[in-house]
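Presented below is the structure to which this report refers.
Chain lettering (A, B, C and D) follows the sequence in which the chains are written, and residue indices restart at 1 in each chain.
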Amino acid sequence: MAEQFQEPVVEQIYTLNLGPQHPSTHGVLRVLLDLDGEFIIKADPVIGYGHRGHEKMAENRTYKQFMPNSSRMDYLSGLLYNHGFVLAVERFAGVEVPERAKYIRVICAELNRISSHLLWFGTYIMDLGGFTPFLYCFDDRENILDILDRVTGSRLTYSYCRFGGVNRDLDGEFISMTRAFIERLRSRWTDYHNLVTKNVIFIHRTRDVGVITPELARQYGVVGPNLRACGIPFDVRKSEPYEVYDRFDFVIPTGTKGDALDRYNVRLEEMEQSCRIIEQALDQLPEGPHINEVAPFKVKPPRGEIYFAFESARGLTAYYLVSDGSPYPYRCHIRVPSFGNLQVLTEVFRGTLVADAISILGSIDVVIPEIDR
Amino acid sequence: MGSEMASDWIRIIVGLIIVLAFSQLNALFLVWLERKVAGHIQLRYGPMEVGPHGILQTIADGIKLVGKELITPLSADWKLFVIAPVLVFMPVLVAFLVLPFDENLVIRDMNLGVLLIFAFSTLSVLAILAGGWAANNKYALLGAIRSVAQNVAYEIPLLLAVLSVALMTQSLRFSEIVAAQCRVWFIFLQPVAGLIFLICATAETNRAPFDIPEAESELIAGFHTEYSGMRFGLFFLAEYTNMFIVSAVATALFFGGWHGPFGFSFGLPGIVWFLLKVYILLFVIMWVRWTFPRVRFDQLMNFSWKVMLPLSLLNLIVTAAVLKFI
Amino acid sequence: MSNRETITQKLQAMLPADDVCRDESCQAGVLFSAQVPLAKLRDAMKECDTAGYYLESITALDFEDTFELVYHLNCYEPRARVAVRVLCGHDQSPATVSDIFPSALWQEREVHDFFGIEFVGSPDMRPLLMPEDADCYPLRKTFGKVYAYHKRDEIYG
Amino acid sequence: MSYWKEIIEGGWSLVEGMRVTVRRLVRPVVTVQYPRKQLTLSPAYRGHIEFKVFPEIGTHRCIACGTCQRTCPSGVIKVQGVKDHARAPKVATHYMIDFTRCSLCGLCVECCPTQTLKYSTEYQLEEESRWDGVYDLMARLEERRT
């Protein structure tokens, strides 16, 4: 688009208020667009409509009490956030975790990642105007939710991980359901590719749209699939393996150009990789307790701090915890991936069409409550 | 002479009443059908609660729409704003006058019938422009502008496609065009024109994947963002009635109108064949809508000017040449 | 030489040995932590920028005696995270780094929202997450219900 | 040439897409008509909390220790108990939860020293006012026993 874009005549510019109530801003994002015709001159995202003060809440709660909050920041990958927070505190306070619990967590976290990506896939096509793939994805996602519901008892905000293990043990039914799901998901790829990936309209809507160069990604701290789409194989699961991720064989999918189509392909491939991780974890799943029964009831990490990074569905997420030795964190900061991923849009939007802006916003996969915290 | 005039008038008045009743009921049915088709494509039921399989759902929705407050935004140009939904519906009704439902079931078989339909269906874009403009909303205005550009772009290949049919029959009268297809439908003789016509007709009626004037994920609802209640309902009904008309025209021009396939009628009356084909085409339009993502505005224009227009011109030239030398 | 070695050497050359700390095991998630004086913040960040690092997060800690700004930087290498820590008195204003890392702009706005720390030279200090008319700094320990308000040494000493 | 190729390939990709949707059109639907047909709940379903009834004593075992009250992140629980006489164990008399603010984390169930709490499987919880979301677990227990 950029070559067609010419410097505008100032008088022709008008402001369009995209959101906060708009069908495709995924929550309560508001973007002030300065437009020349349908070309975007300047974009100014306004966030904060969903600010709940999680960081302040953390200071007034014990670590255990903050645990349910963690899955409410990014409601699409709640279990991953939950997992990350529990891992951070465990490493901070030195809580032992049984092997089986580690595998259970990885399995559930990867299932959650697939469900998050599936939802993204559906809503992204819906942003582009195709309604039907959305429902197909929900059909598949419903399966994951059923599986997770079976073990966690909840469908969205799981609060499943505990310091020293997980809430509830897996049963045989769970394992067979998961294996059946993976098989089913793999059988659906052909349909998805025929319906969406190969579709000429879809390709034209996404190819060369919203290109994020590696340098731009670095400047804005873009992480996750968006970063991998521009060709940098950076994944916390590989670079700083936490839990048992170093025992699994999976690859980091990367793109080449960093456009919306690459981001799409990377996410689709990531789902397949998650399936592989789950399969390996199910094969290796050891017997044993699912929770460390002797874990202290009240977690009191020693004085100091920890910065724990993990890979959520949207990229590198980190909990920064400072403890004064009491059961309450002195400071809890959450580094969220969507923050940088959204901020880069001020740069990427420039010179694109309104329709492209929607496509780019969708392809970035932001979850607004995660940014607002 | 006098009695003939009178019978003509009676015919027109009765026809108009039937048209009004039919078009409304048909639009209601189409809305239901669309929701059912969408539902089953998406592995869900669609409306199920009101009436058997939800057949009365749209009537309930219509009653709800009638009961709703008609909101006129303060900053709107209210005269235009109020008149636009009426304007959008009028040309739709006129088009019914010349549709050949059966050999003798035409309200008025004009010798310029084809031209009349396209002349009037172009008018609806004016109403959309008026509505979008009068609402004084940027999304509505963007939608209206897109709609005008799109209609202008797709009108030309559409007419060129029709023209190649008209060349073959040497007539713009529907009854003659249909009569010429009693053995072979024109879709087999003019496949390119037929395809162009279908694509352009989808674009003309603002249906997905060409629904950029409405584009709910970009422009919220495009030109009817600010409309509420039955004013919105009129836009909605007009859209579905328009769909019916383009399908009917396509049936008459390319799919043999009231004729059965290859001259076999299987004992069915013409109107059954006609409506059957129309509803199959309508189903295809819905099927397309629930399959594809929306094209981008500039791509839509490119597609029209760079693909559709050259193709339709080429088709016209080839048709003319073939007719000349054979 | 890898990015992490470059930046370690550069920062070690820039700062006295007491102020830097390297932890190969990354137990606290950070490979290299540098206590940078307020005046040298921009220099340190520029070094990070040229070394190919990206800015991961900016956050502040409120202590009884001072604010502490913590900049976490990372590059696309395993275990390479760098923390740049700056003590910033309650009445001091650090310089902005938003011209070095564009991503700092929003993060500084967020810190400003929550702690009321002004960043000198920032082009845009409008509230980001807080409402436009907010007149409080919620993450300061003087706001709302607070369990503990320590001096810095009580935690890190 | 690439012009024609793109048109034909693009057109074919659209046909492929339409084949996918039409195949789904004739497949059985996956949704259920909710109020008429309901799915079975998962065995782990976490609703609001409820007292377990222990068959050997025929009632709950809550000793009103207040651990759940202190553990609850949202401050949802209010529990009170009495002792019959100075040496007797404490027995809960009132147990109220404000379900409108509950975040269903399940910490109360886990921290209970007598294991007397469980998750309810009720999920159709439509109420008329906010106050209807405040549940008296004792009253509910009585209701279930009778």
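Quick notes on this structure:
The rule is short, and it goes like this: a residue touches a chain if its C-beta (ideal position, glycine included) is under 8 Å from a C-beta of that chain, and two chains touch if they have at least 3 such contacts.
In this text the structure is predicted, and so the values were computed from the model without any measurement.
The chains in contact with subunit B and with subunit D alike are A.
In this assembly, C is the chain whose CA centroid lies farthest from the centroid of subunit B.
Rounded to whole angstrom, the centroid-to-centroid distance between subunit A and subunit C, based on C-alpha atoms, equals 25 Å.
Between the CA-based centres of subunit B and subunit C the separation comes to 62 Å, rounded to the whole angstrom.
If you average the CA atoms of subunit A and of subunit B, the two centres end up 43 Å from each other. Within subunit A, contacts with two or more other chains are made by residues 132, 136, 139, 195-196, 199, 201.
Multi-chain contact residues, meaning those touching two or more other chains, occur in subunit B at positions 41-44, 290-292. Contact with two or more other chains is made by residues 14, 17, 20-21, 24, 30 of subunit D.
Contact annotation for chain pairs lists A-B, A-C, A-D, B-D, with touch applied as defined.
By the touch criterion given at the top, residues 14, 16, 22-24, 38, 125-132, 135-136, 139, 195-196, 199, 201-202, 204-205, 353-356, 358-359 of subunit A touch subunit B in their complex. Interface of subunit A with subunit D (complex): residues 61, 64-69, 72, 132, 136, 139, 142, 146, 149-154, 157, 159, 162, 167-168, 191, 194-196, 198-201, 297. Within the complex formed with subunit A, the residues of subunit B that make contact are 38, 41-44, 138-139, 142, 208-209, 211-212, 215-220, 290-299.
Across the interface of their complex, subunit C is touched by residues 47-48, 51, 53, 55-56, 59-60, 91, 217-221, 232-234, 238-240, 303-309, 316, 318, 320, 322-324, 326, 328, 330-331, 333, 335, 339-340, 343-344, 347, 372-373 of subunit A.
Of all the residues in subunit B, the ones that touch subunit D in their complex are 37, 39-45, 48, 287-288, 290-292, 307.
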